[in-house]
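Each structure below appears as structure tokens.
First subunit A sits with subunit B, and in the next complex the same chain sits with subunit C.
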Partner chain A sequence: MTDAAISRSTRALLLLLAVELVVFGLFGRNFLTLGNAFEVVRASVELGLLALALTAVIATGGIDLSVGSLVGLCAVVFGWLAREAGLAVPIAAALAVLAGTLGGLLNGWLVTSLRVPPLIVTLGSYSLYRGLAEAATGGVANYTGFPDGFLSLGQGTLWGGIPTQLPLLLLAFLFFWALVHRSVIGRGLQAIGYAPEAARHAGVPVGARLRLVYVLSGSVAGVASLVYVARLGQAKADAGTGFELMAITAVVLGGTSIFGGHASVPGTLVGLFVLALLQNGLRLADQPAELAGVLTGMLLLLALVLSRERKPS
Partner chain B sequence: MISPRVPSPHGRSRELSLLAALAAILLVLGWKAPRFFAAANLADLATSVAPALVAAMGMTLVILARQIDISIGSQFAVCGVVLGLVAKLGLPVPLAAGSAILAGASLGAINGALVAGFGLPSIVVTLATMVAWREGLRWATEGTWVRGLPESFQWLGLGQKGGRLLIVATAAAVFALVAWGLVSLRAGRSVYATGSDAEAARLVGLRPRRVVFGVFVAMGALTGLAAVLTTLQFIDVQANAGVGLELRVIAAVVVGGVAISGGRGTSTGVLLGVLFLAVLGPALVFLGGKAHWDRALQGAIILLAVASEAARRRGAAHD
Partner chain C sequence: MTRRALSLLLLVAAAACRGGGGGASSEGLTVALMPKNKGNPYFVSCRQGAEEAARELGVKLIWDGPTETDAAKQNEVVEAWITRGVNVIAVSVENREGLSTVLRKARGRGIKVLTFDADALPDARDFFVNQATPRGIAETLLEHTSRILGGKGEFAIVTASLTAANQNEWIKEIRELLASKYTGLKLVDIRPSDDDRKRAFDETQSLLKAYPNVKLVMAIASPAVPGAAEAVKQSGRNDVKVTGLGLPNDAKPYLKDGVLDSVVLWNTQDLGYLTLYAANALARGTLKSGATSFEAGRLKSLRVEGDNILLGTPFTFTKDNVDRFDF
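The block that comes next holds the complex of A and B.
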């Protein structure tokens, strides 16, 4: 649990990132260009938002499997409100984020008030939220035709090429970095992950803190759904399928202990870009997309084996 | 108050409430949609439940040992393709089935070695292998199906009726075997002991790491068998089969009353959980509901099941 071990894992990850840059720089077409860098960022913002929020959840020793489904539900809520119900886009967007927040609140309530393990709670809500999205759309409805102003959130650029959603990711990064690493709350979160009972005796309001991280996770899923819809120009019930697993992979790769007690928000961001560059680089090097999945799985296992010494016994 | 004779502190209440819920659904169906009980429909239902039950028995072992395996959907797909490829070579179907089960057991052994050998958390290990096997299979098969299986393959050449009977009988045998083994065999009791308290299990002379390794191997083999029982019903093998299987199976096991914290749960409960969730979707359709509410309903039921369990646990704690 020493700082040296932590920075060692982050250093290893940065090294990996550098290896990716060199290898794909040599073998990928147009890999080392600013345009491609922005492309990678644009494609990974939704996942990044979820991974940042999940870092706080996993810091407490919890997990949230429902974030991908919640992206789907919020996308459908937004699409329906903006296109069918005819609400103004900002209001529809606010209500979609509210829907995500309520989804997170339900998770948090079940975890804290009923003391159900988060894995099971969010496994249930994983089905429930995706199911609600499917039920609401009959599994087929696909909302499109959003106004250009909204689509620019996902497709537009700022100041000569920066993707519009990049500031959003940076903002979320700063927020979660400050929350986890620079606040009393964050110290409490990691204390809960390390030993919930001890945290309680030390005066950490365990229930309130846990509710906070699940609510944040839900709200962030709502925001991510908006970025996703704006990027693809359509809102469907299958939005965000599999995002939860990719996001968890980024978090664990980044050095946050899956048992809780130790979290690294910067690590999560590096983990995210290791995954994103792997996918992008393999595509530009004309390698099959599936190879990225296989390598992601192996990287995750490797990261786990290497970080074994940080496991609380 | 807890009677010392009852093996589980919750008695049989989960089984009884599941049985009541199942009976209620069946009664409503009998009243509103008696067509549900047509022989053809029941046969369909039984055949589709069989593989899920086999996989659920494996998952019961894994969760009782306080582990989890979310890679079984991918294992299922790999085993199905192995089965199809071996059958296409012209080898006899039982041999092909054997190799699919062996493939499953080997994949399970990899999970088991990583979890028991390296002491890694099973949820992340199986998350990694889930992604790796699925994408590896897509890479190898390029998403194509295994087509043109020999005539003798579908329903094992027994025709639909005989094949179905065999599939359901196999699942029933697996259920009976695991149910008996969990209660009566030393190995079965070790699974409970390991899941309740691995350190205590070690101190009484059991080997928790071997038990954990064993449950993952068993899970893999049973997933392979589930893939065989599913694939035999068709003439092609889909490379993307089994997506989401892990969550459906875990849901059935949890609804069946197996505690995710390990060491508690019964085979009867799991059987009822599998049946309940399997009946729910078709019942919804037969009662004139919309099929796409199925998933939301399944999710709500999982949450309801765990919430009621937690509420009762708290009630018991206050006694």
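The block that comes next holds the complex of A and C.
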């Protein structure tokens, strides 16, 4: 995990992004337009939020498979509070984020107190949270009719066509960049991922740090659910299905080691846009969306091959 | 190694996009059609009809959508189509409110919008290609009932649930037609199946015992058809027949047994075919609001009611044609 290796993998990823821009610029219609760039960003914000928070989790050698399900649960909580219980939208939104935070807290508590591996814990909560969302709504309740002010969070634009949710993504990026790369906490996170016992002996409060990243992951899932609901105009138990795997793909593509110990927040963002442009570009080139799955898989395997030399321990 | 891997990827990506670049030329129309779910055989057969019409009309057809029912994906695909620029977007809508916002945006950019199979909010589209009206369904069901019973006799209905909105609308129309046109037929009972095959089976068994004169069971929910047919089959009563409304695949074995006389639904292939014809006419300005009829190729002239284009009389699946369908 030398600096040279980091910049090499990021360079490769940027090159990939450039290849996409060239190929789809040639074959996709209206691909290289500002309007399209904004649409790609708009569609990627929820996934981006999850991926940024997951970067911190994966830095510790952990994983959070429950984020997609938590988006569904928070969406349902928000929808129910705002539409059935008649709460004001800001209060319902705050409570939905709180629900996400509690979900993350449960993950963090199980990981640190019971010492259950995060993969197992969050595999459980992955089913639990989605199950709760489905049970509460019977899988059919679909909350709609949110006020325009709220919907503009997902559908509106700021000056000159910038998607309303873009500042949120930038804010999250700055937060996680500062946390992971510019703070003592961040160095602790990567130290935990590299060698948990050594980190403990070096005085890193491992339990507290781990709880922090899972709680953040849960809160961010709550925020992502609000953006999702505002973008689609509906809150249903299936919100965010499959987001966890897409987000993890973006993180790994971005050069963060799945074993922990090494993370790149900027890389995650580039990884996210590599994936998003792939889907968008294929559509604009009239190619079926299934192809995106095949190419995403190839990209991920390629990223693993490229990072082979960096495998820790 | 990095460079080699990347150039390989570039090649693959370029190959993947081969032929996709042309897009809509200035003279040809591009129509984008989206099902609720690409993998569902119901929509696969819609696609066959749409492709047939696209060939006849020389229209470029883009067919894409979620690989499983996913409201978010529908929004993203429509967004991409707006950016790409197409002449017409036609959608079978999964999420009414959420998708309507994007469809309105498409209309704002001068794209014509149609819905088929499942409608959006009325202001989000130009026309809805409507596969069947309650009146049409009731008429066709009673035609079969009257034919089987020879114009005279008792029958019973197995419905979805007693509160199901669609079914109750059909039953209302059936009662009106019984009073005005089919006076020799007598509806003796309506039983619920709660969209459950087993429940339909039990209810049909008890119907046959309670009403020995009932010679026909009309099952008007998809799972109720095989349930009712199985009950009649096991009763060994050769004098009782089943008809109804449901999917051909459920009905296939019982149609071949002869227990099930016929099952009514719409021809999904024709639905796709009509949708593409409507899209073409809408883009060329030959279909305008206020039209009362519409010429759709081999389907000939079809009725337009308000902003609904009607596919016409439901399609009847019998043992002779059911093998042509797979959904």
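One rule holds for everything that comes next: the second predicted complex is superposed on the first by the 313 of 313 C-alpha atoms of A that agree within 3 Å, B and C clash if a C-alpha of one lies under 4 Å from a C-alpha of the other, contacts with A are read in each partner's own complex, and residues count from 1 in each chain.
Here is the rule we use: a residue touches a chain if its C-beta (ideal position, glycine included) is under 8 Å from a C-beta of that chain, and two chains touch if they have at least 3 such contacts.
Given the structure is predicted, the values throughout are model-derived calculations rather than measurements.
> Once the shared chain is lined up, is A:G267 touching subunit B (first), subunit C (second), both, or neither of them?
neither
> Let me test your reading of the model: by the given contact rule, A:G222 touches which partner, first (subunit B), second (subunit C), both or neither?
Neither subunit B nor subunit C is touched by A:G222.
> Is A:G254 contacted by the first partner subunit B, the second partner subunit C, both or neither?
After superposing on A, A:G254 lies clear of both subunit B and subunit C.
> Between subunit B and subunit C, whom does A:L110 touch in the aligned arrangement: first, second, both, or neither?
first
> Looking at the overlay, what does A:G79 touch: subunit B (first), subunit C (second), both, or neither?
It touches nothing on subunit B or subunit C.
> Give one of first, second, both or neither to describe whether A:N280 is in contact with subunit B, with subunit C, with both, or with none.
second
> A:T144 contacts which: subunit B (first), subunit C (second), both, neither?
second
> Tell me the contact category for A:S125 with respect to subunit B and subunit C: first, second, both or neither.
First partner only.
> Could you look at A:G233 and tell me whether it touches subunit B, subunit C, both or neither (first, second, both, neither)?
It touches subunit C, and subunit B stays clear.
> Please identify the positions on subunit A that touch both subunit B and subunit C, taking each partner from its own complex.
Common to the two interfaces on subunit A: residues 288, 290-291, 298, 305.
> Can you check the complex and tell me which residues of subunit A touch subunit C?
8, 12, 15-16, 19-20, 22-24, 26-30, 33, 35-36, 39, 42-43, 142, 144-145, 151, 155, 228, 231-234, 236, 238-239, 241, 279-280, 282-291, 295, 298-299, 302, 305-306
> Going by the contact rule set out above, which residues of subunit C touch subunit A in the complex?
Per the touch definition, subunit C meets subunit A at residues 1-2, 5-6, 9-10, 12-14, 16-17, 20-21, 23-24, 62, 64, 67, 70-73, 75-77, 79-81, 83-85, 95-98, 101.
> Taking the complex as given, what residues does subunit B use to touch subunit A?
Subunit B residues touching subunit A: 68, 114, 118-121, 123-125, 127-136, 138-139, 247, 250-251, 254, 260-261, 290, 292-300, 302-303, 306-307, 309-311, 313-314.
> Could you pull out which subunit A residues touch subunit B in their complex?
63, 110, 114-117, 119-121, 123-132, 134-135, 138-139, 245, 248-249, 252, 258-259, 288, 290-294, 296-298, 300-301, 304-305, 308, 311
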